[in-house]
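As written, the chains take the letters A, B and C, and residue 1 is the first residue of each chain.
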Amino acid sequence: MSATLGIAIERLSKSFGAVQALADIEIQVKAGEFLALIGPSGCGKTTLLKCVAGLLPADAGRIVIGSRPVSGPGGREASLVFQDFALLPWATARENAEFGLLLRGAPAAERTEAARRALAKVGLAGSFEQAYPAQLSGGMQQRVGLARALAVNPQVLLMDEPFASIDEQTRRILQDDLLRLWSEERKTVVLVTHSMEEAIYLSDRVVVLSPRPGRVHRVLDVPLPRPRETLDVRASGEFARLVDELWQILKKMQ
Amino acid sequence: MKRLLARGAPLAAFLALWQWAAWVPISFNFPTPWQTVVALAELLGSGALLQASATSLQSLVLGFGAAILIGVPLGLLMGVVRGVGRVARVYLDLLIALPTAALIPLVILSFGINVVSSAVIIFVFSAPFITMNAYGGVRDTRPRLVEMARAFGASWGKLFTRIVLPSALPMILAGLRLGLSRAFLGLIVAELLLSPFGLGKLIMNSRSMFEHDKMFATVAWTLVLAGIALAVLARLEARLLRWRAA
Amino acid sequence: MTPLVAPEPAFGRAGFAAIAGLLVVWEILGRLELTMFVPSASSVAVAWWGLLTDGTLLRSAGSSFGSLLKGFVPAALLGVALGLAMGRFRTLREVLDGWINALMSAPLSALVPVLIALFGVRDTVVAATVFLFSFFVIVVNTMTGVRGTERSLVEMARSFGAGEAALFARIYLPAALPAILLGLRLGAVQAVKGMVVGEMLISLVGMGERLIYYGNTFLIPELYAVIVSVLLIALLSSTLVQSAERALVKWK
């Protein structure tokens, strides 16, 4: 069992040509924390996540996961989950779940084993393994995406609006499944979302980014009890109050 | 500027290769680029090239014009009347797959060696593609738009002129460009086989008289001529489809 | 001699009805003897059988297939390679794109006399024409396929540490495969067109030479028989590539 790692984002700035996407971002994600990122469209949430994953180089500042500074893509600590799932259409669910391990050169037997375990964790055991993405519903496709991220056994999950293109009912089920997985596996999670309810329901803290260039505008603590998936937290007055508080913050920022 | 330089690089490389090939020489009577340019100037000066081009373009206008006048309405009809479309589609598929050049001997036998023959050949080269694109354009009309217009009570005629036709326009125009490219292809094949007039005659005559520089010059001229015609059509197309740029 | 090969998936009952209708009308027109240039379908079938049994057709087709392979295989290999490179490397694309597009729609038949000057009146000219006719479509389709690769797939693979080679083998190539195969199918049809043009112009070997010969000797049913055979070769080539497509692209 590897230790859970925190993330330190220090004075991070990033521009695309003349467009400044991120300015002086300063966020400390504690080990094992569930952090939500919210902010207006185009404020740089995806950019921030890509910087943490090493896919984009920072212009200034640095990012440290555990004790290792991020210097490029392919780091072993973090896995990405994509809004559009990013599944290989020509590969079966199991082959997709194996893909990260394949790129890291793991032997076939080990890959299959890890992919099976990851698929079982996300509730896709058995006959679904051989299905192509086109044969799966959106919710199931994202389960495969999640399994692929988990199969490499990362300490950090970086999720970019993972449930945005999934219908509301399925989304609630997936949110609960994610919470259960998170409490079992004790991973650090950074989740980008546009949904205030989702941010409050899932996270320990919500970081609100300002419009472009994205800066940390406010950080909202979410002291709701856990395990939320069994406590019917959504029905509580406290939940409604926190969602409203978040809404007031976002509204005033415009 | 840098872009222009980059785009010119392949041309320079090609000319260098050509120069080298002529210098080796890779085949006897293989003219250098310069000799070809001189021959081109001569042919232009004597008026032979322009005259041949005019003859060729005459059959091109006849054949390609007929292909548009018949192909576009036929394609629209196929798209609007489903039954016609389903049956005619089969013949179109065959005509598009068919190496059209194979029909040339038959056309020559039926129409004789003359401008009509060459226009007919150009027609069979280009019409199937023009028809197919017009048909495809109508079939690809977004059902949403049709529903919307009908919900507003559009008559059949309005539906066709306001929704179907504008929707199909981009593909129709693309079909015209494809058709023009095919028309030039057919024109050249026809003239090379028929030989009594046009650019093809010039090419074949120069070849039989071992004036390879003139032959190369005419070939280059033909390619440039086709390139210009296609570019003009592409410009026109972009003009007409300005609404798509946004 | 009915082309039983489906040129499109849409080819169904309407397709067979259309072909059958064509044959019937053709037969009637031929029987009416309106003109010697429209012989009946049955007389064409008889002529076709004659050409098949006396070996003429096989001899010509053999030569034609030889040129087809000699031209198409290099066009496919080089075309896919260049298309992949152009899809992946922007500089190369900017340098070559305009030329490739211009050449794709240029009347390349005009180059046949040049090829004859280059190679002499030989079947190499046919292979070279086949190459020229099919190469550019393959390049353009391959490039389009690579460019159409989902960005998020590339990012996903890079996030797992994929290098350039792994990206090519695991993402770009499979993502472009349907477009590559479509390009090869279009290229195969183009190749047969180039073959016929080349053969007719050198008038020495293959099906093209037979077309010229029967045209010059007024053997009309035989001329029709060769035209139909050429059409069959085109359909066969495209069907062969299409079955490869079905076998390779199972995930759609």
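Going forward, contacts are C-beta pairs under 8 Å (C-beta built on N, C-alpha and C of every residue); 3 or more make two chains touch, one makes a residue touch a chain.
Since the structure is predicted, the reported quantities are computational estimates derived from the model, not experimental observations.
Undergrad: If each chain is a dot and touching chains are joined, what shape do you get: line, ring, star, complete or other?
TA: line
Undergrad: Out of every possible chain pairing, which has the most C-beta contacts?
TA: B-C
Undergrad: Measuring centre to centre with C-alpha atoms, which chain is farthest from chain A?
TA: It is B whose centre lies farthest from that of chain A.
Undergrad: As a quick test, compute the distance in whole Å between the mean CA positions of chain A and chain B.
TA: Those two chain centres are 54 Å apart.
Undergrad: Calculate how many whole Å lie between the centre of chain B and the centre of chain C, each centre taken as the average of the chain's C-alpha atoms.
TA: Chain centroid spacing, chain B to chain C, equals 18 Å.
Undergrad: When the centre of a chain is set as the mean of its C-alpha atoms, what distance in Å lies between chain A and chain C?
TA: 49
Undergrad: Would you mind writing out the residues of chain C in touch with chain A in their complex?
TA: 150, 152-153, 155-162, 166, 170-171, 174-175, 177, 249-252
Undergrad: Once bound in the complex, which stretches of chain C touch chain B?
TA: Where chain C meets chain B, its residues are 3, 7-8, 10-11, 14-15, 17-19, 21-22, 35, 37, 91, 94-96, 98-99, 102, 105-114, 116-120, 189, 192-193, 195-197, 200-201, 207-208, 211-212, 214-216, 218, 220, 223-224, 226-227, 230-231, 234-235, 238.
Undergrad: Which of the residues in chain B end up touching chain C in this complex?
TA: Interface residues on the chain B side: 3, 6-7, 9-11, 26-27, 29-30, 86-91, 93-94, 96-106, 108-110, 177-178, 181, 184-185, 187-189, 192-193, 199, 203-204, 207, 212, 215-216, 219, 222-223, 226-227, 230.
Undergrad: Within the complex, which stretch of chain A touches chain C?
TA: It comes out as residues 50, 53-55, 73-75, 79-80, 82-84, 86, 88-91, 99-100, 102-104, 132-134, 152.
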